[in-house]
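The letters A, B, C and D name the chains in turn, as written, and every chain counts its residues from 1.
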Amino acid sequence: MSLVLNKAELADYLVQVFPQVHEDFVIEDLTETTITVRLVVADRHLRPGGTVSGPSMFGLADVSVYAMVLARKGRQSLAVTTNSSVDFLRKPIGGADMIAHCKLLKLGRSLAVGDVLMYSDGSDDPVARATMTYSIPPVGSAAASFG
Amino acid sequence: MSLVLNKAELADYLVQVFPQVHEDFVIEDLTETTITVRLVVADRHLRPGGTVSGPSMFGLADVSVYAMVLARKGRQSLAVTTNSSVDFLRKPIGGADMIAHCKLLKLGRSLAVGDVLMYSDGSDDPVARATMTYSIPPVGSAAASFG
Amino acid sequence: MSLVLNKAELADYLVQVFPQVHEDFVIEDLTETTITVRLVVADRHLRPGGTVSGPSMFGLADVSVYAMVLARKGRQSLAVTTNSSVDFLRKPIGGADMIAHCKLLKLGRSLAVGDVLMYSDGSDDPVARATMTYSIPPVGSAAASFG
Amino acid sequence: MSLVLNKAELADYLVQVFPQVHEDFVIEDLTETTITVRLVVADRHLRPGGTVSGPSMFGLADVSVYAMVLARKGRQSLAVTTNSSVDFLRKPIGGADMIAHCKLLKLGRSLAVGDVLMYSDGSDDPVARATMTYSIPPVGSAAASFG
């Protein structure tokens, strides 16, 4: 039940594995079962009307649960997303960053499940809710597995 | 049960409403209950390893169902996504476009539901499956509604 | 943001509308945005092996969110489930009741969304997670609506 | 890609493993990637109003995908449901049996995914759509695994 990577180590590792997108995400907080991740909103995350797009919120939820799994399983982890459900609840606030609060519900040998609530920075009403399931291949396998 | 917009009209309208992303998507086929949409894969759609990213597949599914709803309800439609589920089944083929086959399961007064299977171009095994639910506000309302 | 039915009124109303199943469920706690519901486990809720079945957990999540909506919208509400996602996380404890903790994430004019975590009574690890979306027809309409 | 159990063998095996509920379900058709299952509707499957209940539809979808996995993996399979999403599209026809058409989308070493469309017998409009994911433990492991 303890972290294999601390917040700084996790942030460093995400820069390595996601060179394209690491500027989008900031890890704000990390505990043994929760992580808070900020999406630094830029033009590329917006849809017409100026609010954060669905794919950007999907990406934020996905990165949040993946980072939580890495923090617990370590750098060798090659987890891949196998399932996701997302509910869009309210219109995001235009121009505001998006904050994801993720809770790890399960970390098994082969499956991990995390729940995510996403908020426009400064608001108390959730904009979206997501659950992500990751398949975790056995340590030492050569590549990510889709089960 | 008939189309309000034909394939060419629908393509034109998507250029207007999605100026940022319309180059990503090509409508390949349209019937009264189905639509086929191609994601023209570029670097920005890839994750490390060179395959299409989860958020890009989410976006493809979302655009496919949205375009299907527009084709049936017309340009005034302000539908917003309220729910989605996505299952990732296989690793996409590197460098291949992604083809989405969408079927409209329901088009009610206030809710539309579409099912999507996504394939790497040239392959018969689905890479991902998605269902998208759209909330459709009454015609004449001033803005999109999240229900 | 206030309750239209209190805990006792809500329990009475569930007896009326669910005569077949009201003995299965006990409302343990109710606030303006949360409800706790106990599934009193009997043989009919079990699958081979003696643990609570998937359909029984689905039913518990469904009743929990429905009861929460009734408590806020009142008896005239004819909400119908339009979407659900359920993740099964761990094997339930044999013979134990199941406790659902539901949180209302959204209560709009036409859609309500609730999140549910389900536990075997006496355990701190969630057995299942569910999200339920309800479509709420306008007050005065003659029948439940599927949107 | 071939069946390990044929339709009759599969039906016999379901009687053994689901003694409580096997009378509810009839396997109508089985191919290497599809199965059709009938829910023989009785009073216990109905909700107030006389239509098939949500938990009954969930159970039908769950049994359909499980039976498909058994037919392909054989009797030793101890698959457990890990994830489900269900969309309820229309009110079922009162008194009619429910027919589930299931398609196997993926059958990997450790995960299986099946898609299900459910119809009131005699109608062409789907009543509900479901996707079920099963976790398949390695052959020879002592008990079902939740991953």
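Basically, contacts are C-beta pairs under 8 Å (C-beta built on N, C-alpha and C of every residue); 3 or more make two chains touch, one makes a residue touch a chain.
Nothing here was measured: the structure is a model prediction, and the numbers come from that model.
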Measuring centre to centre with C-alpha atoms, which chain is farthest from chain D?
-> A
Two candidates, C-D and A-C; the one with more touching C-beta pairs is C-D
Cα centroid separation between chain A and chain C, in whole Å?
-> 28
Taking each chain's centre as the mean position of its Cα atoms, how many Å separate chain C from chain D?
-> 23
Out of chain A, which residues touch more than one other chain, so two or more?
-> 82-83, 85, 87, 89-90, 106, 133, 146
Touching residues on chain A, where the partner in the complex is chain D | 82-83, 85, 106, 108-111, 133, 135, 145-147
Touching chain D in the complex, chain B uses residues 85, 87, 89-90, 105-106, 113, 115, 117, 126, 129, 131, 133
Within the complex, chain B is touched by chain A residues 17-20, 46-49, 53-56, 58-59, 62, 80-91, 144, 146
